[in-house]
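Take a look at the structure below.
Chains: A, B, C and D, in written order; residue numbering restarts at 1 for each.
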Amino acid sequence: MKAIVIKPHVIGMEVKNIDLEEKLGKNQVRIKTLYTGVCGTDRGLVNNKLSFVRAPEGWDELILGHEAFGIIEEVGEDVTEFKKGDYVVPVVRRGCGVCLNCKIGRQDFCETGNFVEAGIRGKHGFMREEFVDDEMYLVRVPESIKDIAVLTEPLSNVVKAIDEVMQVQRRMVWNCPDGAYDCRNAYVVGTGPIGTFYSILLRTYGFNVFMLNRRDPSPAEEYVSKRINAQFVNTTKSEEMNKLPKADIIVDSSGFPSAFIPLLSKINKNGILVLFGTETGDKTPIDADLVSFMVENNIAVIGSVNANKMNFKESVNYLTMWKEKYGELLNRMITTVVSPEEANTILEKKPKGEIKSVIKWSD
Amino acid sequence: MKAIVIKPHVIGMEVKNIDLEEKLGKNQVRIKTLYTGVCGTDRGLVNNKLSFVRAPEGWDELILGHEAFGIIEEVGEDVTEFKKGDYVVPVVRRGCGVCLNCKIGRQDFCETGNFVEAGIRGKHGFMREEFVDDEMYLVRVPESIKDIAVLTEPLSNVVKAIDEVMQVQRRMVWNCPDGAYDCRNAYVVGTGPIGTFYSILLRTYGFNVFMLNRRDPSPAEEYVSKRINAQFVNTTKSEEMNKLPKADIIVDSSGFPSAFIPLLSKINKNGILVLFGTETGDKTPIDADLVSFMVENNIAVIGSVNANKMNFKESVNYLTMWKEKYGELLNRMITTVVSPEEANTILEKKPKGEIKSVIKWSD
Amino acid sequence: MKAIVIKPHVIGMEVKNIDLEEKLGKNQVRIKTLYTGVCGTDRGLVNNKLSFVRAPEGWDELILGHEAFGIIEEVGEDVTEFKKGDYVVPVVRRGCGVCLNCKIGRQDFCETGNFVEAGIRGKHGFMREEFVDDEMYLVRVPESIKDIAVLTEPLSNVVKAIDEVMQVQRRMVWNCPDGAYDCRNAYVVGTGPIGTFYSILLRTYGFNVFMLNRRDPSPAEEYVSKRINAQFVNTTKSEEMNKLPKADIIVDSSGFPSAFIPLLSKINKNGILVLFGTETGDKTPIDADLVSFMVENNIAVIGSVNANKMNFKESVNYLTMWKEKYGELLNRMITTVVSPEEANTILEKKPKGEIKSVIKWSD
Amino acid sequence: MKAIVIKPHVIGMEVKNIDLEEKLGKNQVRIKTLYTGVCGTDRGLVNNKLSFVRAPEGWDELILGHEAFGIIEEVGEDVTEFKKGDYVVPVVRRGCGVCLNCKIGRQDFCETGNFVEAGIRGKHGFMREEFVDDEMYLVRVPESIKDIAVLTEPLSNVVKAIDEVMQVQRRMVWNCPDGAYDCRNAYVVGTGPIGTFYSILLRTYGFNVFMLNRRDPSPAEEYVSKRINAQFVNTTKSEEMNKLPKADIIVDSSGFPSAFIPLLSKINKNGILVLFGTETGDKTPIDADLVSFMVENNIAVIGSVNANKMNFKESVNYLTMWKEKYGELLNRMITTVVSPEEANTILEKKPKGEIKSVIKWSD
C-alpha cells in the first residue's frame, strides 16, 4: 500500500509502496484511512528538526501521521465496541504500561517517557492507505461530521489543556457571580489551528476571547473571529493593545517567550498562563519583579501536552456541537486538501494562508 | 500603651506610647500580646522598600506586626467561641467583602486587591501591648505550644501553598505506588524560616527533601536538616549538585530567578514549581527550549501568597504535632528574643545566624 | 396578555388575560415566549399536591411555567450580552443572596431555602406571552436548535446531577483502563423525559445504559433506546433481570424506594446511586445488612435537585451536539404540542404515551 | 512463638505456639509485636459471625489481629526506609494488584474484592510475638506516642472517611463564611472507639460535635466529651433531642438503620451521612417522602470502609498532635490491657465500660 515515510534524522519524505502485512489480532480492527492532517510536528520530522523522532523497533523508516480519521473495514475476534462501517479516530500516544498514570489510561501524563506515539516515536503513523489497531485505542465518530473529523486529534490536546486549567483553578472560586465564565477574559497568543481551537473552546465556556498575533488578521482569521464573536488583536498596534482588558487566562500557542512574557503584566489576580507552543531560538529575560508579581497575585502556569482517550471523545463531541452551531466554520479551517502524491507540498513547508492542511486517502 | 510604629514611605521605626482607645464591640475580644515575630516584610517596611504600605484611614502612622500570639483578657458581648485566658493567633488579611473569594472566607485569593492586612496595609498591626479584634479573625492555640505559637502565621502561608500544590497535582496521579509520597523528591531553595517550614512540611507528607542554599549550612541549619532527615545541599559545589536526584517539586523561597530557573532542568515530568519568595533586582533569561520542556513535560508553576483561616488552624495543628514529634526543634528555630525596646536590633536588619527573631511583649 | 395561572393551594388552572405592566429596567430584556414545557411539578401545582407552592409577594395568583424558550424583542439600558432577536432560555431558581452558595452563583445548593423559583414559588413563571428578565438569568441558544430548546431546563437538572456524580467519584479512580467510561454500566430507573435524558447523557459519557421500567417499552421508548444504543429492561421479567450485568451507577427518576432499593444488591463496589425522583406514598424497609453492604463497598448516594447557569449552558451544548448526532431523536421526545388555550389537556393530567408535552406561544 | 489463632467458621480462639518460619526477604523487615488492639471484627471472627473470614492459602487456621504496633528488630536486604529500632504500624489490606485503585495504592477502593486483609481474610494477622512484612506496608511512628500507637489502625479508617467527606462536599461551598468549619454541626451516632475518633477528628476540623447514644454517658465518655468540648446526647431523652441543632454531617458508627434514619429529618441542606457501622438484624422502613427530602436538599450518603497508607500516616500525625494537645485523653481510651494468655477475656466478649481493649506482647 501507499504510505508516506521518513528516515529518522534525515531531511526529506517519500511516498512509497510498503507492505506491513498486518494481521488482524484479537480485539483489533482494520481501518481504511480517509484523511490525515498535517501539523508543525510532521513538518519538523520531515525537516529533521525534532531529535526525539524514532522508528519502530527493527525499522529504519517511520510512517508519518498522527492526526487521522478512517472507516472500519474489517473486525477481528472479540471486538465488542465496533463493527464494519463505523467511523473512527485513533489516539496517538500509547502508554508505557509501567507508571501509575499510564496504568489508569492517563498516558498524557506518562512519567517514564517510555510511551510510543504513532507517526512520531516508536510506532508507525497513519499516513497510509490502511492500518490495524486495537479497538481500545479508537474513538467513534458520528457520520455527520465525517468531513471535519480529521480535526479531532489537534482539538483533543486543547481539550485536555482546558480540562487541566479548570482543575487547577479549583484552588479558588474562578466563576463569575452568575456561576458562569462570561465575565472572564482570555488572550490566545497565536492564531493557527491550535490558537483557533483554544479560541472556540474558550468561547464555548463563555470567556471573552482575544486572538493575538503580530499582524492583522488574514481573511480566514477575520471570518473565524467574527463567527465566534472573538476579537482579533494586532499586538504591534499600541492603540489595540491599550484597549485590551486584563486577562484571566493567557494561552500561548506560539512557543515564543518574547510573545507571552510581556503579556503577564496584564494578567488578573489568580490568573493562569497555559504553555502549549514549542519552539526554539527565542529568548526573553524574566526578572525578580515578575516573580514577585506572580507570587503576590497567585498566578499559575501550566505546560500541557498530549491528550487522553476521554479528551478525544470530548473533542468529537465539540466538533459535532460546533458543526450544528457554527455551520461551515470548521470546514473553512481546512484550507488545503491534497492527495498523498502531493503531500510533499504541505509537509515540506506550510502553505500560505493555511489554517489546517490535510491529505485525502479515500472517499 | 507601647507600640512599634512606622511612617509609611519613610525609613525608620519608633517605639512609642500610643492610645487607640479601642472599645470592645459585639463579637470582639481584647487580647494581650505575648509575642510578635519579625519577617522580611517588616524589615522592608522599616527600610521603606515596599511601596504597597498603607496606614489606616485617617492615620499617618502604622503600627507594625502581622505575626502575633496573645491571650484573651476580656470578652465582649455575644462572643461564643472564646473566653478569658484562651490563647489565640489573629489572621492577617481581612477580605474586601466584594469578590467571590472574600465572600466565602478565601481572602488569600482576593480578586479586587481591596483587602487590608494588619501591620502592612490599611490596618494597625499587632506590635503593641494589646489589641481588640473580632472573634472570627482569631484561631485558638493549645496552651502546650505557647512557646512556639508565634510561628503560626509564617507557617500558615506555607500550609496554604502546599494545600494548593496538592490541589493542582490532582490533574493526574501524583502519589507513589504505595499511595504515599515517599518516592517523591523536593528541592527547597532558601533555608530561612520559610524554607525550613517548607522542608518540615514536605517531610511530613513523606517527600525526600533537599534544602538548597548557595553556601554550607549554619549550625542551626545543620541541626534542622538532620533532625527532620532532610539533606542540605550547597548549590555552588558541583559534587553535591551532581548527586542530586531529579525533583518532583521545587519550592523557591528566595525570590531570585537566577536561583531556581536553572534547577528546572532537573525537574521530573508532571513536576511543579512553587514561587513564594519576593525580591527585586535579579534577572535571568528564559528561552524557548525551556518553554518547550515545560510543555512536553506538563510542568506546573504556582505563585502563592497569604493564607486563609483554615490554614492558620492547620498551622497550629502542625506546630502541635511537630512539638510532640521533634521536641525542641521549633524552639531552636527562634534564634533571637528581644524586648520591644530592643526591637530595632531585629527590625532594622537581620541578625546574624537568624532563623526567626521575635519580640516578647509579656509573660 | 394571555397567561396560565393557578391559585396556590387550590386545585385547577386558568388561561386568562393578565397585565403585569413590566417595565424594562437596567440590564433587563423583554422576551417573547415561544415554547413552555410541562412537567410533573406543573401538574402537581395544578392538582394542589405540592405544599411548597407560593405566589409572588402581594399576589394571590401565580403564573405557572419554569421550562421556557423565547426570543428577545426589546433590550434595556446597559444590556451587554444580548440583542434583539437572540434566542434564550431563562434559569428557574434565583438565589437567596445570603448563603455562600447563592453568593457565588450556585443557587442550586442554596442553604437557606430562601430562593424563589419562577412558576413554582415566589415568582411568576413563563407561561405567558412575554416576560421581562435580568440578562444575568438568561442563557443564549443557537438558532439551529430552536425547535428543541424548550428541553434545556429539564436537561439542565440532569447535567447538574451527573456533574456532581463525577465530582463525588473523584474519591477514587472510576474510569476504565483506557481512561474512558465504556466499561461501566448504568441503570436508569424510570423512562420519562428525565430518565431519557439521563440515558442519553450517560451514553454520551460512554456508559452502557440500561433503561428500567416495570413494563415493556412504548414505541417511542423502543425508538429512543435503539437510537442511543441503550437497552430497555422490563424489571418484572426475571429473564431480563437475570441477564442484567452489575451496575456502577444507578439513577432513580421514579421516586419510589421500592423501585430502586432492591436494585442496590446489583451495584458494584464504589458504585453510586443518584436520587432524582420525588414521590409520595411508597415505602420499603432497609435492613442492617444493606447498610453493611454499603459500608463494605464504599457505596455513595446523592440526592440532586435543580441546576445552575453553567449547567443550562452545558444543556444547550448537549442539545446542539445531539441534534447533529442523532437527528430527529430530540424532536421525537416532544410528543405533544398544544396552544395555551388547550394547555389544560396536558396540565391537568399526563397525556397517554407522553415523553414531553409543550405549549406553543408564538412562531 | 505464641500466637492467637482461630479456625475460620468455627466458634472459639486459642493461644498456641506456632512456627511460621518466616524468612526475611528483600525489602522486608522483622517486627517484634508490642501491642495489638481488639475490635468488633475480631470478636465477630472469634464468635464465627463473619462469613468472609478466610485462612491463608494452604492453612486451616488464621492468626488473628489487624490492629498492631511493633518495633523493627531485623532489616532485610535493600530496605531503605527503616532501620532496627524504628517503631512501626502495618497496614491491614493488601491490594488485588489488578484493579486500577489497587494499582495506584488505593486498595481501600479495591474493585475486584480480591484483596487480602491481615488477620481477617487470606493473610495471617499480627496477634503473635513477631512478624515479617514488606517495608512498603509499614508506617513509621514517632517514639513519643508508643503508648498509644496501637490506635493508629482504627483511627486510619476514620481519617479515610472524613477525607472522603471533604472530597464529596467539594460539590459546593461547605465552609463557613470565615473559611473554617466552626459553624457546622456534626452528630456522631455511637460512642465506642470509632465514634470517639470521629468526634475528636471532627472537633479538630472545627465542627460542633454531638455524641449520640441511647443512654447516659459512662464516666469515660463523660470525660472524653468534656475534654474535646463536644456534647453527649442521650437520644432517648426528648428534652435533649429537642435542643439538638440541625446537623450538617451525621456519622453512623452503630450499623443500626433504626438509629440513624430518623435523624435524617434533622439534617441541613447539602448535608452528608456517613455510614461506617456494620451490623445485622435491625430493620427500618424508608418512605418516598424521605427520598424526596434527600433529593430536594441535595443530601449525600457515603459508606466508607478501610484506609490507605496515606491515611495511616495522617492517623499517626493526629495521634501525635492530640497527645500534645489533649495529654492523657488517648491513653484513657485504652480501657483494658491484657497479656496474650488473657486475651480470651477481651476477644470472646466486650468488657464492661470498654472504649478500647489491647493485648500487650512485649515491652
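Keep this in mind: a residue touches a chain if its C-beta (ideal position, glycine included) is under 8 Å from a C-beta of that chain, and two chains touch if they have at least 3 such contacts.
These are the chains along with the protein names UniProt gives them: A, B, C, D = Glucose 1-dehydrogenase.
Note that the structure is predicted; figures quoted are calculated from it, not measured.
Under the contact definition, chain B (Glucose 1-dehydrogenase) and chain D (Glucose 1-dehydrogenase) share the contacting chains A, C. Relative to chain B (Glucose 1-dehydrogenase), the chain whose mean Cα position lies farthest away is C. A straight line joining the Cα centres of chain C (Glucose 1-dehydrogenase) and chain D (Glucose 1-dehydrogenase) is 41 Å long.
Distance from the chain A (Glucose 1-dehydrogenase) centre to the chain D (Glucose 1-dehydrogenase) centre is 48 Å, each centre being the mean of its Cα atoms. Residues of chain D (Glucose 1-dehydrogenase) in contact with at least two other chains: 100, 103-104, 106, 170, 173, 175, 177.
For chain B (Glucose 1-dehydrogenase) in complex with chain D (Glucose 1-dehydrogenase), the residues that touch the partner chain are 81, 103-107, 136-137, 142, 144-145, 173, 175-182, 204, 206, 308-310, 313, 317-318, 320-321, 323-325. Those residues of chain C (Glucose 1-dehydrogenase) that touch chain B (Glucose 1-dehydrogenase) in the shared complex are 100, 103-104, 170, 173. Those residues of chain D (Glucose 1-dehydrogenase) that touch chain C (Glucose 1-dehydrogenase) in the complex are listed here as 100-101, 104, 106, 108-111, 113, 164, 167-168, 170-173, 175, 177, 252, 255-257, 261, 268-270, 275-305.
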